[in-house]
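Each in structure tokens, the structures are laid out below.
There are two complexes below, and they share chain A, which is joined by chain B in the first and by chain C in the second.
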Partner chain A sequence: MPKVLIVDDTAFMRKLLRNILFSGGFDIVGEAENGKQAVELYKQLKPDVVTMDIVMPEMNGIEALKEIKKMDPQAKVVMCTAVGQEQMVKTAIKLGAKGYIVKPFQAPKVIEELKKVAGMS
Partner chain B sequence: MEGDMEEYKQEFIQEAREYLDLMNQNFIKLENGDLNAINEIFRVAHTIKGMAGFMGYKNLEELCHKLESAMGKVRDGEIEITSEIVDVMLKAVDAIEEMINKIEEEDSDDINVSDIISDLSEFMQEKKDKEQVREVDLSKESFGNANIRVDVYLSEDCIMKSVRAALVVENLSEVSEILAVIPDENDMEKEDFDGHFTVFIKAPDVSKIEDVMSKIAEVDRFEVSLLEEQKTEVKGEIEAGEVREGETEWDKAKEVKEEGRGKLLKKKDRKFESIRVNIAQLDTIMNLVGELVISKGRLLQIATEYDIPELKEAVSIMDKSITSLQDEIMQIRMVKVERVFNKFPRMVRDLARKLGKKVEFVMEGLDTELDRTVLDEISDPLIHLVRNAVDHGIESPEERKAAGKSEVGRIRLAAWREKNNIIIELEDDGRGLDVEKIKQKAVEKGIITPAEAESMSEDELKMLIFAPGFSTKDKATEISGRGVGMDVVKTTVEKLGGSVRISSKKGEGTKIRIHLPPTVAIIKSLLVKVGHETYAIPISSVIEALYVTEDNWKVIHGNPFLIVRGKLVPAFKLRDLFNVVDGKPEREVGIIVEREGERYALIADTIAEQQEIVIKPLTGYLAKIRGFSGVTILGDGRVVPILDISSLLGGDRLA
Partner chain C sequence: MSEKVLRFPVEYFDGGWKKGEAVVDKTSLSFAGVRIPFKDIQDLEKVQYEGKNAIRIKKDNKNYYISFGKTQDQIFRYLAFNLKSDRFAVYFLSPATRGGVVVKDSKWDKGYLCITDEALWFLSSSKQIRISVDSLGSVEKDLRTVGKKQRVVLVITHVENGEVITSFVLCPETTLEMLQNYIQNIIDTYKPKDKLSEVEEQILTMVYTGVDSVGVESILGISTEELNKLYDKLVDMGLARVVKIRKEIELTPRGVALVNDIMKKAAVR
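Up next is the complex of A and B:
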């Protein structure tokens, strides 16, 4: 089972993703509520995939993505985004994000995205 | 997933409310010139939008979206912060709150916000034209040496197709050299982009391309074809676009954020730290502890009866654990006063603006903890007091100036712990209480007689503002007259076992100090006996106790009175109220209690003892019985009703 690290500043979204990913056969190894924590946890947990919210306190998702990529150029980070944030996601993609999921999340899409990125299918 | 919507809803509501609080606080910060608040509000609006979107509350989503975009403009320096804009935005925040309330109650966010949305749009309008003019710089580049053409068809339901395309291009660029993408990025962002695009690349190997493509979701199908002669032909047909474009806006935003971060880190903005426990569960646990206390009492009795020292020792150890357990649960029930206090800065701001007053509002001791129930109860009275301070306490800037004061009035709300009490103090430097005016009003309204007025001390006179039916302003203003009066403030505090004191100097200001017990689940009470029954009276409502003698017992027009230091106090015989006939003692006791400022005497047989008791609320049909606030269970297992003075004496007997 691919290991996933969920990064989102709201408990609500984390719970939602946790449930979706769990049902998709992922192993949720950790959850972070801001970019800083995400970078720390990435170091410790070495997850196969990270779901990364963009707008967060302390350190936003873009910065966190940069940091993670610096540590591990092979890191697979999937950005969590919303309609209207296209430019940000594009920036993230240029920085090495491997995919994106759009809020409101649709479970099958989220699972498909993560599976593709993790190389599961 | 549909089925667990309810589960998410609770969480959504709770979290949304916390975010609303944050939003309100940050708006005040923003108005005071703290630009970091912009990012915070932007983030919060964005977050609520995301949650609302998932829950399917379209209206809420849209409003948050508008607020978010407006904040985005503010952040980018396109809109200047003025009080007017903050007003409109705060209206939006209020509407969000309204929606959340409605969602909680009716599961609908259907609130008319078209006005707010159009107001917000108006502010945003100004710079819109500029945005549209932003020129697209298309540099034409040859893709002459491309050897592979990849045709990508994104799936029908792909959201944000242009981003998906960018992802494809970016991933391809890792294994090949991108020479052209058609249509270009700008065209892909247009609504009619159908999800089909072509990438011309130079790569040594096709297999890697296929490998990359297989790892990208939402790609319906893709075709990889090798190019040979075709290139010139294609070149003639289509113009190539520059791939890297369109990151300006985000970069700008990023800069603003990074600039602000230095300060942000230093200030370490408060975040919500909480675990969510249902208060009812805590009550249940507390009740179970009560049961344990009773069981312990039983064991102790057995140990004493059969004289088993080992058992006695075991019970005393158990007793210690139970006491700690009780303390811990009490601790869990404690919440910080900031939960309630945080509403105030926004409220004071709005009010002061409405009344044309200038007010500096200071809060202290936000970390002070109070039992959740106490805090909930005290919330409305505090709102009333704070409103009063702004409305009646602080004078208009002109009046203050004329009195030689600073134009800006100051209100201070502080909380702290003193021994076993929590103290909340509200102080303003406004016009203060006018004792003469109070005296006059109180007499006019028949609250006191002129003779009483003369004999009363200044402090007693000041306390009259808490008397039912008293209000110094002839007409309650829209602001203060909200149904909760000063008398309610006092009754609420007293019901909780606390007290209110007021000190004020005319022209210098008013200070109201509220003493509260940190918790209400355990109260000190007086146990009294009537016949064979025992009753508990909360000690907070007891003033004094005295024996009933022939000299101080008087019946006037069939109504009994007890004479206490020359004053007639209406008396109520508990044995009559509860129909107790047996075992009347020779000498009864009168317990003087206070209810809404009036004194009454409750006549019981004897006072048994004074003890801390755990309140067990009456539930089901028992809850409707008047006169009792609950029951408690004593160590020996006896169930004792707790008298509720208010409702006990509130019946027709008093009419």
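Up next is the complex of A and C:
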């Protein structure tokens, strides 16, 4: 069961992703509400995949991705974006993000993308 | 389709499927004594109707269903290009994303964005995409890389089979601006007049995502009764429809006794 760290500043989105990923057979090992927390939790939990929101307080998703990649160049991070954040997604892909999902998303698509990134499909 | 008059064997629906012939000329389509000038076509759509792949043609608020068999795609393309519409020469990428995930094999097309009373169309020689106006979600400008250059494009979202689809449109900026306003006006006419509460917005998001009622209750920490009331409001507002009524049961004394037996059996195993 791949371990997932969910990073999003809204509690609702975290709950929603937790619900989707749990039903998709993922083990949700942690949740972070900003980039800074995400980096700390990544260090502690070593998840197989991270779902990373982009716009967050304290440290945004791009900065968190950079830090995580510094720590672990093999880290698998999937960016969660909204329509209209293509530039940020491009930056994230250049920085080593393995994929992205656009909000609003549908559960099967999210599971499919994360399974692909986690090497399950 | 460059001939002046083309004749095709067709089947048309008139209480049942009937065989006949359709005649297509430069300005109209005729079959079974019905003549439909292209300029009078209100709407056009490929549909599955009464067991057949057909084209729905709407004229004078009446729908005609015709099955053209092997020539269906060719006829549909011809009719789509001849629809009476406001037409803008554009480059388009549709679908760009489907259900939040990029459609990898989708390519930019050179063609037209056409707007009729009932639909928005992306037309090119290879694609004739119809987007019903009531399925439009949003329209906004964004920067995209097209042909290695950063360009302002129009991002249009719509819903198809329960999934949000995004499409991109590229054209001169003045046209883009005008198109954005035009499409935004259409979207506004279909928007609910009442504003949704945060919880109602969250419920809509969850239902779209595919979370079931039990999941919605658990995520929001609300009871079935509260959720039912909220669902009713969304249904009344035309934002959702009821597909299934959930049953809640409690055990009778016989049921409780049976559960006791089941537990005893499990303990013995």
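One rule holds for everything that comes next: the second predicted complex is superposed on the first by the 121 of 121 C-alpha atoms of A that agree within 3 Å, B and C clash if a C-alpha of one lies under 4 Å from a C-alpha of the other, contacts with A are read in each partner's own complex, and residues count from 1 in each chain.
One rule holds in what follows: a contact is a pair of C-beta atoms (placed from the backbone, for glycine too) under 8 Å apart; a residue touches a chain by one contact, two chains touch by 3 or more.
Quick caveat: nothing in here was measured; it's all calculated off a predicted structure.
A.B. asks: Is this a clash or a fit when chain B and chain C both end up on chain A?
C.D. replies: Aligned on chain A, chain B and chain C clash with each other.
A.B. asks: Between chain B and chain C, which makes contact with more of the residues in chain A?
C.D. replies: Comparing touch counts on chain A for chain B and chain C gives B.
A.B. asks: Taking the superposition as given, does A:61 touch the first partner, chain B, the second, chain C, both, or neither?
C.D. replies: neither
A.B. asks: Per the contact definition in the header, classify A:47: touching chain B only (first), chain C only (second), both, or neither.
C.D. replies: In the superposition, A:47 contacts neither chain B nor chain C.
A.B. asks: Tell me which partner A:12 touches in the superposition: chain B (first), chain C (second), both or neither.
C.D. replies: both
A.B. asks: Please work out whether A:30 is in contact with chain B alone, chain C alone, both, or neither, and reply first, second, both or neither.
C.D. replies: Neither partner.
A.B. asks: Quick check on the superposed pair: does A:94 touch chain B, chain C, both, or neither? Answer first, second, both or neither.
C.D. replies: Touch partner of A:94: chain B, not chain C.
A.B. asks: Looking at the overlay, does A:86 come into contact with chain B only (first), chain C only (second), both, or neither?
C.D. replies: Both partners.
A.B. asks: Check whether A:117 is in contact with chain B, with chain C, with both or with neither, and answer first, second, both or neither.
C.D. replies: A:117: touches chain B, not chain C.
A.B. asks: Between chain B and chain C, whom does A:102 touch in the aligned arrangement: first, second, both, or neither?
C.D. replies: both
A.B. asks: Could you name the one stretch of chain B listed in 26-34, 62-70, 80-88 or 98-106 that collides with chain C in the superposition?
C.D. replies: After superposing on chain A, the clashing stretch of chain B is 98-106.
A.B. asks: Quick check on the output: what are the common chain A residues between the chain B footprint and the chain C footprint?
C.D. replies: Touching chain B in the first complex and chain C in the second, residues 12, 15-16, 19-20, 83-84, 86-87, 90, 100, 102-105, 107, 109, 112-113 of chain A appear in both lists.
A.B. asks: Mind listing the chain A positions that touch chain C in their complex?
C.D. replies: So the residues of chain A touching chain C come out as 12, 15-16, 19-20, 83-84, 86-87, 90, 100-110, 112-113.
A.B. asks: Please output the residues of chain C touching chain A within their complex, sorted ascending.
C.D. replies: Per the stated touch rule, the residues are 97-102, 138, 140, 142-145, 155, 157, 162-164, 166, 202, 205-206, 208-211, 215, 218-219.
A.B. asks: Spell out the part of chain A that touches chain B in their complex, as residue ranges.
C.D. replies: Touch residues, chain A against chain B: 9-13, 15-16, 19-20, 55-57, 60, 62, 81-84, 86-91, 93-94, 97-100, 102-105, 107, 109, 112-113, 115-117, 119.
A.B. asks: Mind pulling up the chain B residues that touch chain A in the complex?
C.D. replies: Touch list, chain B to chain A: 1, 4, 8, 11-12, 15, 40, 42-43, 46-47, 49-51, 53-56, 65, 69, 159-160, 162-164, 166-167, 170-171, 189, 214-218, 244, 246-247, 249-251, 254, 257, 269, 271.
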